[in-house]
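Next up: some structures, all given as structure tokens.
In what comes next, chain A is part of two complexes: it sits with chain B in the first one and with chain C in the second one.
Now for the complex of A and B:
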């Protein structure tokens, strides 16, 4: 195959993709075109449902079950992938076009070692022998800055952390030195601190091998670091496309501007609570363990009425475990939880109905937290019935009132099943269910991290408003500092089961910081295309300076 | 063992041995409960071996004397304890019908049954798994439907019917004998030839279940992200199924195989009768008819053992097939 540098590597022309739902076909991608030159990185951004992933897969000539390409063409280096027979496509896939999936943990086969999955494509495509490919794997693992590159390949996927898996998957995609890699939200599931490492490694290796890439994400700041050009999609339509710097500096379309604007939302911080006032909830010197492994060490903080306390940290820092102690799911080894000044029994089984009622939870995955067989009316009505004993008309009135509070029209939504709701609506129902118990405090566990920015903002505003109306106290668990900025009054930073720093939000976001807080803050991607480069340089300089002293 | 497994091979083996020991212990408890059930069920059977043997003309006095001789006049708990005590010492007692030690009586029959079960399993397990792989590869095709139709038909007909059909087709035309008689001097090949028809009947009866579970377990996984990944690596459909789906589908498949093997050992009475094959099932049925209680009890207990052991094996193999359980963090 001849490689000429002036013809584009990939051309998608007027591509229409349809998906089947309830026996009818509806458009997922509606006439999108794009061209990609060798060695170029194109960022595809948009909310969920924008058709980004579908388009990314179509660039490989692949559609998921229940989808079809209805018209248009995808030409990769002279080969039309839409009409090509399976064998022709299989020949290109994995060898010249590779894919990096969002969830590396789910996309590695749990039954095989990493290195066997690495060598599979080169061996099957006949580009190298198993031994040569295995040596190459070690080299690529090293370039992706994986720890123990010599031996990490002999682990099974479940023995490797999420950030490392994502890097191993990028290495695997590089195995045949493809001309094009599709990155489908490769860092969305990672913590900010891990995300940086993965982004840096991906950018580095794409640079080294001059690989062209399509980088799919919903995070503008991330795409700003990775892409040469950005294309914005909305419900399957192209909104606009421009060079990264131009797109960031002056977006043309209203929709793009609205995406940019989301990040500017911030709640006005409530003044520090009066220390003399009794806190609604007081976590005092809590130490807790799963079996023999201690996961919380001497954790203390207070939450006052009408205040939102954000608990921040990476995964594994003990945020959710703290929530489990407060709700009584995990009795602590030491310490206690006071509610309005009196100690809650450590185990939820021994708490009274009233004690249970006053602390409610909203969960991250509204999908799995709502019973799929119950209607919205039943889901919201159950706690009203259970805690408050309302029946008949009083119950129906109360449920309707609750739905109005979360801005869902009762007449329209009462009889719907969760499957008939959007992600944001499901989360609103989760909120209504928590409110139904008339709590004094609500624990929000990553309630917006599964949602798009615009939808998430709606939820945050709703929570803000409800707090004012109902005098609620919130404990807001999140790993996203942008969300903290948007909602918190006070911040508790956790790491490895310990509270590292706590205080008013304004204090937290003004230097000097605790080193770990500094690491978290500096790891949040910014909309500046040079941010990652500068940050890595700064960190390298710091490390050098440190090693010299 | 490399350090990264966090646990040495020895530790893994040790934890498997602990699991086997624990399951064996539970199996013994199960068998104890089963022995109670068997004894109670047999107690409830109408009829009495003394009357059976002595016939209608016996006087009540002779019947009573004969019962005393056999120990049938003792209270049931005493008879149960004596029976259990005997088993614990490896003594199943003697047959009431002919006075021979039951262990002798059963040993030969059990090995015949195991032979036939292994024979049928050796054909049906590879057949079912290969068919399962093929139909999931060509799912929803004509081939898929044809295989499903044939295997489902063969499972839906009663065993004796399948057996007679095979006799009509393969025995009357002289290819295979319809009487699966075993003679001590026969070579292994000859034995395989003589017992081919019962083995084939059993194969037809159990294949559908295992094949459909293989198909369902594989197809269930085809929507997983790692299968999509395998497709996007440009692998062939066959390799995707065999290398990427099958290893993750073993646990349910192994369990269904174990269930079917247990059925091959315990549920083949009808087939043994049709082909006049001297197996354990036939012995049990004969003994029930003769009210030869100790033999019935011994046979039932051996069947229960087969279930316990096969399920234990299935559990161990399922564990071994899952790297998450073998290679802990």
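Now for the complex of A and C:
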């Protein structure tokens, strides 16, 4: 095979992929074409269900179970992968085309050490011996900026962090020096601060080896950092494709514009609450522990009527634990939670129905928060029936009213099961269930982090509107600072179980910051293609300046 | 007689029997799809031939059990002729060791054996499932206590334990039902508990707890609907085990007592005929085997549906 630079590395022509559901085939990808040159990075973006991952897998000539390529061609360096026999594909996959999956934790074999899994592909494909491959692993670990590159390979997957695992997986994909790597949402499951490291390492290594890549993500700011060109997909159709800079500056299609506009939602901040006014909820000097391990240290903050307090921090910072203390699932060791000035019993089992009713919760995963065997009507109706004692027609009227409030048509949705709803609709039903109790305060635990940006935007707007109409107080747990910007009045920053900084949103977003807040803020990707480069340069400069003093 | 039949003839008989079974199953499924309203018809359409065959057999057994007095030519305990009469004539399948009509006994046996097995399984399920769900939802010392008791009961070999208990408390139908139900409920307990354990960690259970819902609502409305599929499948399997236990106990003389017709004791009482190359004593055993296979076909299909597997 001669490598000529003027023929594209990968050509996908008019590709149709169908999936089987309920005994019929329906289109997942409808006639998408793309070309990818050597050393080029193409970003694929779109909502979930847009067919990004299916297209990414098809670039390797592979489809998931229950899917088939019905027409079109995938040509990789002169070889048509659609009709290729298994042997040809086996020869290419792993050695010339590699794949990096979203969840590295689920993709590594927990029973083998990292380096053993690294050497498997080169040895299998006969490109190098085990020893040579192991040396190469150390080199690549170093390039991926993993700590202790000499020894980290001898650890098992559970002994390294999520971000390190994702980098080890990218290194593994590089093992045979492939011409093409497919990245399927490699940083979606990571915190913003970890995401930066992984993004920088991936970009660095793709540059160094001049590898072509397809980068699949739903995060526009991330794709802006990584890709040379961007292709936007919507329900299996191509919307548009352009160079990154051109795409960011002037998107042509309405759908792309709406994607770009999502981040513009920002609520006007309410003035700081009157300190004399009684807060709806007051967390006072709470310390809590799981068994012998203390996870919260002296946490205090207030939430006032019609205010949204965003609690921000990385995973493991104690945000969700604080919510568990407030709801009474985890009685604190010290401190107390006051509701309208009176102390709530520490355990939910000893709280009265009225106390339970006034604090409601909306969950992160709407899939597990709704009983799959109950209809929307039953789910929303139960709190109405349970707390307010409504029956018969009064109950039905109230449920219909609640569904109208969350912008779902009652006639259409009352009898549906959760499995017949989209992710955003499920989350709306979760909101309706919380509202049904007529609460004074709602705890929102990462309610938008499992949703696409456009859907998340709708949920945030809905919550914002409901707050105005119903005088609610929100405690909004999130790790996403874009969400904070969009919805919060006040911000509480947490790290390892302690409150690092708290105050009005405007004060938080203007310097000077606490160093940790600064790190969180600066790690949120921006839509500027040079953002990552600039940030890394700035951080390196700071580190240099620091070491000189 | 049997020794003179060549192997290829047996093969042909088997093929014909299999073909007939498949044809019956197909006809049955088509009939159900055509005659039943929406929901049932849709369910039947997703049914493989094996399951439809199983469903057909179960329906026939239920029909026979319900209408035994009208189908059977003679009375259950009626001595109608000489001992061990051959097949044919007035006695379709001959007579047994006391001169009672074999065909009649077989039909009444369906009523007794299947009926008692059903009652026993139901009891084992009520006890096992309720306690299992309770252990999972409440947790703590209740869970610990119930689980350890179940461990102890399960540590004793089931048949020997049943024999022991029946010897202590005396052999009667009620005692047998209680003893087998107790032993089998331990297995149901374990399943119900482990299924419910996966459900109680869901956010919707937490939401219901935080709403202040009582234990009854949690178990009946939130958990049971989600645990139903594996429990129903287990019900089918458990029914087979119970059924076999009853027959085994009857065969050993500790189960259903004469003169009540029962398939297990029918095998034992007529066992001498096998020495003479007569297959009559194997008919009740065949009836047991056929029902067990039929129930398992249906259960396989239900498990398949419950687990959401696709071909």
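As a convention for this text, the second predicted complex is superposed on the first by the 549 of 549 C-alpha atoms of A that agree within 3 Å, B and C clash if a C-alpha of one lies under 4 Å from a C-alpha of the other, contacts with A are read in each partner's own complex, and residues count from 1 in each chain.
Rule of thumb we're sticking to: a residue touches a chain if its C-beta (ideal position, glycine included) is under 8 Å from a C-beta of that chain, and two chains touch if they have at least 3 such contacts.
Everything numeric here is computed off the predicted structure, so don't read it as measured data.
Asker: State whether A:515 touches chain B only (first), chain C only (second), both chains, or neither.
Answerer: neither
Asker: After superposition on the shared chain, which partner residues are touched by A:361: those of chain B (first), chain C (second), both, or neither?
Answerer: Touch partner of A:361: chain C, not chain B.
Asker: Check whether chain B or chain C contacts more residues of chain A in the superposed model.
Answerer: The partner with more contacted residues on chain A is B.
Asker: Which partner does A:90 contact after superposing on A: first (chain B), second (chain C), both, neither?
Answerer: first
Asker: After superposition on the shared chain, which partner residues are touched by A:109: those of chain B (first), chain C (second), both, or neither?
Answerer: The first partner, chain B, only.
Asker: Take the contacts of chain A with chain B and those with chain C, and give the residues found in both.
Answerer: Common to the two interfaces on chain A: residues 65.
Asker: Which positions of chain A touch chain C when the two form their complex?
Answerer: 65-66, 327-329, 348, 351, 353, 356, 361, 363, 365, 368-374, 382-383, 386-387, 433, 437
Asker: What residues on chain B touch chain A, complex-wise?
Answerer: 2, 4-6, 223-226, 228-236, 239, 243-244, 247-248, 323-324, 327, 329
Asker: Can you list the chain A residues touching chain B in their complex?
Answerer: 57, 60, 62, 64-65, 89-95, 98-99, 101, 103, 106-112, 120-121, 124-125, 148, 151-152, 154-156, 158-159
Asker: Taking the touch rule as given, give the residues of chain C at its contact with chain A in the complex, in rising order.
Answerer: 202-204, 206-207, 209-213, 221-222, 225-226, 310
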